[in-house]
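What follows is a pair of complexes built around subunit A, which joins subunit B in one and subunit C in the other.
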Partner chain A sequence: MLTTRSAYLFLAPSLALYLLFVGLPILQVFGFSFFDWDNGIAGDFIGLANYGRLLGDGVFWTALWHNAIWVVLTLAFPLLAGLVIAAILAERNANVVRWLGAIYFIPRTIPLVVAGIIWGWIYNPIFGLLNFGLEAVGLGGLAGAWLAQDNTALLSLNVVGAWTFFGFCVIIYLAAIQSIDPALYEAASIDGASWWRKFRDLTVPLLRGSTLFLGLYAAIEAMRFFDLVWVTTQGGPGYATEVLTTHIYKTFFLVGDFGYAATLSVVLLIIVLSISAGAFALLRKP
Partner chain B sequence: MTKSTRLVQNLILLVFALYALVPVYLVFLAAIRSEADLFSGPLTLSWPINFANFARIWSEAGFATYFMNSVITAVSVTVLVVLTAPLAGFAFAKMNFRGREVLFGLFLAGLVVPAPSVIVALYGNLQALGLIDNRIGVILPQAALLMPFSVFMMRTVMQDVPDELIEAAVMDGASLFKIFLTIVVPVVKPGLMSLGLITFLFAWQEYLLPLVVFQTESLKPLTVGAASLQGRYGVDYGGIAAAGLIAFAPLVVLFLAMQRSFVRGLTAGAVK
Partner chain C sequence: MTLLPRGSLPVLLAAGLVASVSVQAATAQTVVTQWDQFAMAGITAAGPAMDELIGTCEPDLGGATVLRTIAPSIGIRDSYRLAVSANKTPDLAYTWPAASVLAGYARVGALAPLDDYYEQYGWEGINDFYRGRNSFEGAIYGVPMEQDLMGVYYNPALFEENGIAVPTTYAEFQAAAEAFKEKGITPIAFGNRDRWPATNTLSLLLGLSAGKAVEEEVLFGDTPWANEQFKLAAETFQSWAENGYFPNGFNGIGYDEANALFLSGRAAMTITGTWVLQDMARGASFDLGVFMLPPVADGVAPGTMWGEGSQWQVSANASQEVKDAAAAYIDCLISPASREVWVEKGFLVPIGTTPEELEQWDALPIVKSFYSQGLATPDANFYDLHTTLPESVTQVLYAELQRLIGGDATADEFLGAMDTAWQTAIDNGERWVP
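Up next, the complex of A and B:
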């Protein structure tokens, strides 16, 4: 390890860019949240009054609830699917792994905006493939306007989110499984352990680190995703798919309430930083 | 493994392969069909491929321009990140200096910062700098938002460079910057490649920043163009499908061609 002051020169370009376009706005957003704003101009210092408004803002609580649901759904579905698929793939030959790995990851390369458009069609009540398929197998009664109904919109969108995310989980889990000592699995096989026993008692506990990483990643993305909702439902119908980011966007760009938009931003920042602090504490524990 | 276990496993692999591919296939199908038989006939490829939708979207709906804009923005962001993040990664991995932990913690915190939560202040700053409706106004913040991940990944990559190599060069009296260029960079080339690819992917996918920064149509990238097309030509499904395909096909091709490099980059920060 070299002890040197030139380190600052090496850091300077990226640090400057980062502080100017991310660090500074974060500090400003904190500052903005203590003022009353009128037409983009800061008015009186009003202390925590903007934060007081949160309590009575039903849309905020609805949005927060939707983000929480999104966190739980993401932890439950794509993460678990990724784990099971990776465990299966680990025992297949290299070509199968390479091809299926690529196929599962393809949705992640598609911009969320485009993913939203594609799935919007699949969910379309008139010509959508989902309703068409349900009718074809005699389940026409289940057909619906998936993104236009209160009770199905959020869940339907989550299927799209999972679509873009599970392949990433496969890749992360697969890399971790491949770094596990094969002797452990051989010993278990000699003892006559079934596939399921090995999965439960070896793979899952040994992948704790990857699970924590993916869990953190999923939770953060669930708190800050925007594109997918904005391009499909814009938070609707009503507030059925409203999330914190869309609430911020609308409050800022459509209502023009700078102070309250900043307050919502601060809340979002505090939530994601708390989640990561918690996850890091768990990661440090052996 | 019993036969039934194997069967269930294969079924799981197949179902998820369909989940991943069917939507992509549908877009492809819609893009190469004519308006008339879009909703009729079996879901099989028709031959010969009909390029009319692509031609219409490319020339009439401005997708040639959107495409060029995506290329310009994504390449600029990538170059900016690849020129700066490795330097910082090198400093964090191989140098000792006052404030090291604090500065690294600062970058680490940035990993989770949601772009929508800085936009409230960033927008005003860009306005003050005259960067609204200007490419620089997207390129710089975009690179800055990708910086925490990039620095973190580069630090992991740089840690694998043997200390002896660097120490020997220091003994010979080489400057640190020269050591970085002539000794470190050649060793970490695969890592730089991964960084470039991932940065390009993320920059190409970006939607929020160009959405709020660009007002002039001729500056907008594919993501914004595709999203607005939905409203403008609400019924031109073949056209929208072609537009979607133009927006993601380069990324899919790039990923398939460079899969190993992508995977190395994605797992660099995660496995250790």
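Up next, the complex of A and C:
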């Protein structure tokens, strides 16, 4: 007979591995943040001095702001578009749904580094496909150096992020919509409800769990975004696409200031855990 | 039943003993682990020379062997820093950049002092300037080898077709750039997506706007970055961007893409260094030319950015036998005979090489031209920011330069940001002073 104790026994191996490879490194990073580091070598214990540096670090605040923008844009576009597309697809022929779902999902299967390289070419000011296409349709005036300009770089990268995430939202929403009892829609149709009315009053409320899941997932992904930014802009031009992870990477790997990089990592961890806690609290609400 | 013939057991035991001794001898052999950045193409593409010289030098190392790992030039400084933090540095490494970063490793005790080997082997070709650049608190920690120079690669055919003469003054340089722009040809192929290329251009402009003496007052003295001469350099760089001398979207163009733009004949010039000579010589479909950028400010002597670029460094953790073998190996690598190999097979001109030697050796005309012009002004040549600034300042410089030339910061804002980062580095004891 299974008891609580036996359940913990079964959990013990994975829990031990988790503590060893996740818990311990987190504690280690936390410990790093209290020391002064020089070229990767630990120096004096400096208490909370690294945390004090955060207040005066303009790059940190810029990066945090960019992360916030990224979260909002990621929540806004891929989720909204994914929801609408999934609602439209759900009423189509099963074969169409299968094919289109697979096509939408393809970008999700591409590693972000590869996506970054592909979109780096598309945005390239010399031979980029986007500018070429704009010129071909007579919109050459809109052509620009998308990743090289302060005012377009972050938004251009977010388009790539949305492109990679959108298909995932479609698939999750499709699965959720298909699990809704069709009788509810039939009843609404008999009552004369329009497509929009059914979407607004039936589909959207019944997808609350999926939306919360996708929102949480998107927010966490948006906070820990790194590879796409690094391969395309390295946080530039200037600090235009700097996010917390690129700031951490530069501080750790390029400057060798492990203490301050650890401090930034702890802050990032706290933010991600806070988002997760908030989302789980919402998910528990009936 | 016996499985072995009578009398075979002692023979087998003896054979086993011999084999065991051989294995022990093999494992006891001195192995020098080496990291270097000599690739077969791209930046510092001296791989063929390195391969040949290992074969040449190994027999003179008293049985020691070299175990080589190639790390890309762009990533080796970061890889080496991680190795320092993990206390896993290779016995011998050839990395960039030099002075300030080398001092950082010496400061934390990661490198072996090489003063005794300098005394043992002489290494006369490395003069006091270079020895100073590789020193920290009175001890020498590196053996610099290559000389990096900045210059203007140009397409002579494009100049001739458009009736434009090779400039000898800064005003002529500006006039040439304007003329190319008017003819729809990109004057200067420049890409700064990788963030580091602009630092070299600024190094060049600082020296040609401020001169070596003022640079030294800032880099090693108390003069702030926000001075009139440095401001002229910053404004000049920014004006090149604003005036359309660079391709559109240069902050989104890679270094290699910019070089390709020049090599394809779509740009008249590109301003970069000798570290890419091999790619330039191999990739150009036209007769390549090079000239030195004339002084920007009146009264500043002609010169160019030069530096030791990279250096050989020995790990403090290496055993004495390995250190000795590494020093003997370095002695072989920088010998006159090896220097010829570096020049002919690696397009890399080691420190101590004279223009006369270059003339005699089988080097391409572009190599001879670049070095004869660059080495003609040894007293006026100035500093490479990459090899002089600590990494914390370099990271600020990268971003602030993108903002400056992108038009998102003024020269005053740029210099102010540099002064702030510079003062922080000084306060943290990161500044390298000769």
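Everything below uses one rule, namely that the second predicted complex is superposed on the first by the 274 of 286 C-alpha atoms of A that agree within 3 Å, B and C clash if a C-alpha of one lies under 4 Å from a C-alpha of the other, contacts with A are read in each partner's own complex, and residues count from 1 in each chain.
Note that in this section a contact is a pair of C-beta atoms (placed from the backbone, for glycine too) under 8 Å apart; a residue touches a chain by one contact, two chains touch by 3 or more.
All figures in this text were calculated on a predicted structure; none of them were measured in a lab.
Partners subunit B and subunit C fit side by side in the overlay (superposition on subunit A).
Legend: residue contacts after superposition of the two complexes on their common chain; A:Phe60 is shown touching neither subunit B nor subunit C.
With both structures placed on the common chain, the touch criterion links A:Leu20 to subunit B but leaves subunit C unconnected.
In the superposition on chain A, A:Thr245 contacts subunit B only, with no contact to subunit C. Between the C-alpha centres of subunit B and subunit C, as viewed from that of subunit A after superposition on chain A, lies an angle of 80 degrees, to the nearest 10.
Looking at the shared chain after the overlay, A:Phe165 reaches neither subunit B nor subunit C. Touch criterion met: A:Phe258 reaches subunit B and subunit C at once.
By the document's definition of touching, neither partner reaches A:Trp70: not subunit B, not subunit C. Looking at the superposed arrangement, the partner reaching more residues of subunit A, out of subunit B and subunit C, is B. Using the contact criterion defined above for the overlaid structures, shared-chain residue A:Phe34 touches neither subunit B nor subunit C, since it reaches no partner. In the superposed pair of complexes, A:Gln149 makes contact with subunit C only, with no contact to subunit B.
After superposing both complexes on chain A, the closest C-alpha pair between subunit B and subunit C lies 5 Å apart.
Overlap of the subunit B and subunit C interfaces on subunit A comprises residues 40, 253, 258.
Remark: subunit A residues 1-8, 10-11, 13-15, 17-18, 20-26, 28-29, 32, 40, 81, 84-85, 88-89, 91, 98, 100-107, 109-122, 127, 129, 163, 166-168, 171-172, 175-176, 179, 194-196, 209-210, 213-214, 220, 223-224, 226-227, 230-231, 244-245, 248-249, 252-253, 258, 261-262, 264-266, 268-269, 272-273, 275-276 touch subunit B in the complex. Remark: subunit A residues 38-41, 59, 123-126, 144-150, 233-240, 242, 250, 253-258 touch subunit C in the complex.
Here subunit C touches subunit A in the complex through residues 78, 81-82, 84-86, 104-105, 107-108, 110, 193-195, 247-253, 257, 261, 391-392, 395, 398-400, 402-403, 406, 408-409, going by the rule given at the top.
For subunit B in complex with subunit A, the residues that touch the partner chain are 1, 5, 9, 12-13, 16-17, 19-21, 23-24, 26-27, 30, 39, 80, 83-85, 87-88, 90-92, 94-97, 100, 103, 106-107, 109-125, 140-141, 143-145, 147-148, 150-151, 163, 166, 170, 176-177, 180, 201, 204-205, 207-208, 212, 222-224, 226-227, 230, 237, 240, 244, 247-248, 251-252, 254-256, 259, 262-263, 266-267, 270-271.
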